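Here chain A shows up in two complexes: once beside chain B, once beside chain C.
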Partner chain A sequence: MGVDKKVVGDITVCSLGGEININTSPELRRSLDGIIGQSAKKIVLDLDGVTYIDSSGLATLIEVLRRIKREGGTLHLCRLPDKVRSLFEMTKLTKLFQIYDAEETACANF
Partner chain B sequence: MQIKSDLKLVTKTSDKLLGELSALNLDDSILFEIKLALEEALINAIIHGNKRKEDLPVSIGLSVKDGSIEITVEDTGCGFDYRKIPNPILDENMMKMGGRGVFLIKRLMDKVNYNDPGNRITMVKHISNKK
Partner chain C sequence: MNAGEPIIVVKDLVKSFDGRRVLDGINLTAYKGETLVIMGGSGCGKSTLLRHMIGVHKPDSGSVTVKGKNISSLQEEELDEIKKSFGMLFQSAALLDYLTVEENITLPLAEHTDLDPDIIKIMVKMKLELVGLSGFQDLKPSQISGGMKKRVGLARAIAMDPEIIFYDEPTAGLDPIVAAVIDKLIVDLSKKLMITSVVVTHDMQSVFRIADRVAMLYKGKVVEHGTPPEIRSSDNPLVKQFIEGNPDGPVSFIQSGDDYLKDLMK
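Our next item is the complex of A and B:
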């Protein structure tokens, strides 16, 4: 599980990679909490490198979304691999998250 | 096989069991679904069943027959009422953190049964024509 961060103007793009599971979710939450704590208000999570996500990973993303909203920010997701997207559709999380096919459109739609 | 109730063993255990299925040459998407269902069942057994008491065992069974894979996961807990799990895709439950594990298992596998009192789950995936 890895998080690579880049800042494009006032947007923070975090590229996630590897497995988001019961053992790696706490690390992801800490990383993203740190980024939100730095007053980032527009955040994109690029999930292209995610090879696996379980229910604790989905719960972590919901927790991150809740925290960003509480802080007055906005979260966009982009580039969900097919397997990950199918889990979002299965669990109806597509209704909670704003999801884009490309990073450019995720950034352009704040 | 049996494992201790240690969450760090979840991935290792599913890797091992999926390795035993490698000769079947299953499609990646089927393996992904089996891995996720198995890991969710192991996590539930360790956290909710055995209450993270490391010395308590979780028993796992795997068999392939008649075009199906059957996996059982059993803990030593007193079980739970699997009929009363809130539906995580209802609007009022969408923002809740938990409650998706069993839902995912039921959606990813073709047949899912619990024993009474609910400390053993049996999951079946049909693999005929899914290679």
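Our next item is the complex of A and C:
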């Protein structure tokens, strides 16, 4: 599991990669903690590189969303691989997150 | 692993208890993503076979390979690691009465992971939604019905996102409608989450609702296996008797009178 961060204007884009599972979710949480802690208000998580995500990974993303909202920020997700998207659909999370097909549209819609 | 790959391979499995051979050369494979049903009457060895698959019993001879590892030869730590990829729904649901629904589902996550309690709380809510019990997290098992207990047991079985779920008589003691609900959940979870399911049951309605493949056990042997239509049209008299539920046939439930008379004279 890896997190690559870049800043585009006032938007922080994090590209997630690899497996997000029970073992790696705590590491993802710590990485995203750091980014939220830097007062980023507009955050995009690009999930294109995610090869697997389990319910601990989904729960971690939900918790991140909650915290960003509490801090007055906004979270967008983009480029969900098909398997990840079907998990989001099964767990009804497509209604909870703002999801975009491309990074550009995710950034343009803040 | 890709769909269709063998995930559990039972080879020439033999097990005896007190000189009585309970499993007598079982060969059986469960493939990734499928629902394999092991059916048979009481005492045919199906629960013993299940206990070998989850590493509770060790074979006298033969082997059980799970995800490429012979589980009977593993050290305890390695076996524990493999067991993390298992979920298990027991006949009785096996919930702890003094804990709430949420606490029951939390148990495996708190015990086996380093996840933050806030994350676990969210996961439990997601699992309860998957089994159709959102909002029931604060109730105790004594406050819910038998069917709901089974669903909580199922939510706990999927708590760790297992690759394989073992079900021991999942519909036993349930009315037909609740049994159908449990069957539907088993099918939905298997297909949606690509979980391999191994189900031990003697509920024939359930067998034909959930199985991708069926193996019938009789006296510790696999006497027939195939898809549900193949099993339904089998000419094997053991299978036919079992499906039709006939008291008379090759499956004997009654000891002979001679044994009884001899026993009286001992």
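Quick note on the criterion: the second predicted complex is superposed on the first by the 110 of 110 C-alpha atoms of A that agree within 3 Å, B and C clash if a C-alpha of one lies under 4 Å from a C-alpha of the other, contacts with A are read in each partner's own complex, and residues count from 1 in each chain.
Following the convention adopted for this analysis, contacts are C-beta pairs under 8 Å (C-beta built on N, C-alpha and C of every residue); 3 or more make two chains touch, one makes a residue touch a chain.
Please read these numbers as outputs of a predicted model, since none were measured by experiment.
After alignment on the shared chain A, the placement of chain B and chain C results in a clash. Touched residues of chain A, counted separately for chain B and chain C, are more numerous for B. Once the two complexes are overlaid on the shared chain, A:P26 sits against chain C while remaining clear of chain B. When the two structures are aligned on the shared chain, A:L96 is found in touch with chain B, with no touch to chain C.
By the touch criterion defined above, A:I62 reaches both chain B and chain C. When both complexes are overlaid on chain A, the residue A:T105 reaches neither chain B nor chain C.
In the superposed model, A:Q38 lies in contact with neither chain B nor chain C. When the two complexes are laid over each other on chain A, chain A has residues 21-22, 54-56, 58-59, 62-63, 90-92 in contact with both chain B and chain C.
Looking at the complex, you find that chain A touches chain C at residues 21-22, 25-26, 29, 54-56, 58-60, 62-63, 86, 90-92.
Put simply, chain C touches chain A in their complex at residues 112-116, 118-120, 122-123, 126-127, 129-130, 160-161, 192-193.
Taken together, the chain B residues at the contact with chain A in this complex read 7-8, 10-11, 29, 32, 35-36, 39-40, 43, 88-89, 94-98, 100-101, 103-104, 107. Residue ranges of chain A in contact with chain B, taken from their complex: 19, 21-23, 52, 54-56, 58-59, 62-63, 66, 82-83, 87, 90-93, 95-96.
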